[in-house]
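Look at the two complexes coming up: subunit A is in both, with subunit B in one and subunit C in the other.
Coming up: the complex of A and B.
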């Protein structure tokens, strides 16, 4: 519950170990630098994909209504503006999927947390490779003659 | 003001719950579904956006051709259920993180749960009641295998 999260820290009980706060609030997995930004991007891309998915289930459902209704809507997906939207979608899914695998490795691989920063840059590298493969082809489809 | 226990202090007995730990299974679900979704989503994107004429190839006949094949029926059903529940559970986390009052939290959670249930039922019905050759449809709009039926 959100109202339980704000408040003062309980006075340290005798049994609990004393943990010194870090001098600068960076360098832990989720505070500052790669760890934090990967989390920010993961969250933003997750939400963006979610809202696309809601619309996408609805537009695909039109196949049950009539061929004409489905074709009318899906044809708008072939315009240059929507083509750029599809590009953005693949950009978002590409990062979310690769970083999702990084999260799974952090959680389940014995040295995952140790290498989380390196894995972030591997995610970025694979992401770029994926987009170098996808974007030119997509632009060919939406801007090229067909 | 509420009090936060010092980190790693022993959990008071009264907050320990019996039975199924929903948050734990949600956490596991995000990871298990994520692994399968990597395959399902990239396969989906490749077939629909990359191969052949890409997005330009998609129309009723294209979808009808796919849904006439049990392989894609299973693929799309898994994609629908795994992705929508994964996404909705992720949004649940965001609602828990960002809402400031129990009432807005409740309203948003109910909205997401309702949208999820409606879309799962709608999507599943579409996949399993779909007719690739609807009666009276123009021949140029339906798959070629509809001729002579």
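Coming up: the complex of A and C.
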């Protein structure tokens, strides 16, 4: 709606826009800080882990119905695609677990709220250390020799 | 440098340095618009000006239909909380020079409360939550000799932080939980409950703790800390909520 972008004196007169109308037609995204983004990431990883658990309970329960079907399903887990999925799972669980500890400290440690930002960066550091230890080995398993 | 004489005049710079700021406001007029939209204004401002001054300049010189709330213009009344460059701030406490004036400044209404016009939202749900936590002294024991109720400095300091609230709603409308669940009491109501729960003269702590133990009470808090970062009075909002959570769990203040 170009007629709405100009700063007008009266509502009836129309002027050319002074600068281009902003690209963002919807409202801006709230610019929260570490606390908000850690919560967003916690939610995303939480939901992802939930769906994994759902599938995991289903595939494990297969063993009672038919061991052959169970073996067939487990064999598909050895493909590289599943290997990557496994990597993603460990990445998600790593963050969810470490940030979960941070949230417990915020709620139960009297100065937890004060140090939440520092704790967030500690979580990120530990998470990266964890991934540096895990991901190369996992990739060797998937793509390289066993 | 010579000694000052009567005819030496104070030096006034020829021109006080000014700059042109581009302010992009999210406008909405319920009588004309189906959807809110962005509108940009260029205003000549000075380093000492605040966002509120820029809004005034737009309203007084360019577009009188621009609507926003303000009253004291000095960070006391809590009328002019708005989202400035994506963060909740008081327009009267935000200096333009503290924003990046080489880029446009985006201003829109606070989120999560019904939009009425331009930067004005319906604050009723916010004040309903505030009223619901009984924001007044509850005491069943008459004061000694009909005199004032005494309190030690230590007892007063216990809830000092939460006495500073000006009910601007910057915290509540920065909360992702409140955006999706308008029933949540919100940080401001909990801050004001905290102010009385931890007051040694008050005897209504249990009543308030029961109210906040509700499904829409303190347990909705996900510790995103948006409220603590938005509060123009520097109240440690999330800390206050954590203390109320603890009090609910222990069953006393």
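Everything below uses one rule, namely that the second predicted complex is superposed on the first by the 114 of 146 C-alpha atoms of A that agree within 3 Å, B and C clash if a C-alpha of one lies under 4 Å from a C-alpha of the other, contacts with A are read in each partner's own complex, and residues count from 1 in each chain.
Going forward, a contact is a pair of C-beta atoms (placed from the backbone, for glycine too) under 8 Å apart; a residue touches a chain by one contact, two chains touch by 3 or more.
In this text the structure is predicted, and so the values were computed from the model without any measurement.
Judged by the touch definition given at the top, the superposed model places A:113 against subunit C, while subunit B stays out of reach.
Of the two partner chains, subunit B is the only one touched by A:63; subunit C is not. By the touch criterion defined above, A:93 reaches subunit B but does not reach subunit C. Taking subunit A as the reference, the larger set of touched residues comes from B, when subunit B and subunit C are compared. Of the two partner chains placed by the overlay, only subunit C lies in contact with A:35; subunit B stays clear of it.
When the two structures are aligned on the shared chain, A:74 is found in touch with subunit B, with no touch to subunit C. By the touch criterion defined above, A:47 lies against subunit B but remains apart from subunit C after alignment on the C-alpha atoms of chain A. Across the two superposed structures, the residue set of subunit A contacted by subunit B and also by subunit C is 1, 4-9, 11, 17, 19, 103, 107-108. Across the interface of their complex, subunit A is touched by residues 22, 24, 26-27, 36-42, 58, 62-63, 65, 83, 85-87, 104, 106, 108, 111, 174, 176, 222-226, 228-229, 236, 238-239, 242, 245-246 of subunit C. Across the interface of their complex, subunit B is touched by residues 1-13, 15-17, 19, 43, 46-47, 49-50, 53-54, 57-58, 60-61, 63-64, 66-68, 70-71, 74-75, 77-78, 83, 86, 90, 93, 97, 100-101, 103-104, 107-108, 134, 137-138, 140-142, 146 of subunit A. Looking at the complex, you find that subunit A touches subunit C at residues 1, 4-9, 11, 17-19, 21-22, 24-25, 27-36, 38-39, 103, 106-108, 112-114, 116-117. Of all the residues in subunit B, the ones that touch subunit A in their complex are 1-10, 31, 34-35, 37-38, 41-42, 45, 49-50, 53-56, 58-61, 63-64, 67, 80, 83-84, 87-88, 90-91, 94, 96-97, 99-102, 105, 115, 119, 122-123, 125-126, 129-130, 134, 137-138, 141-142.
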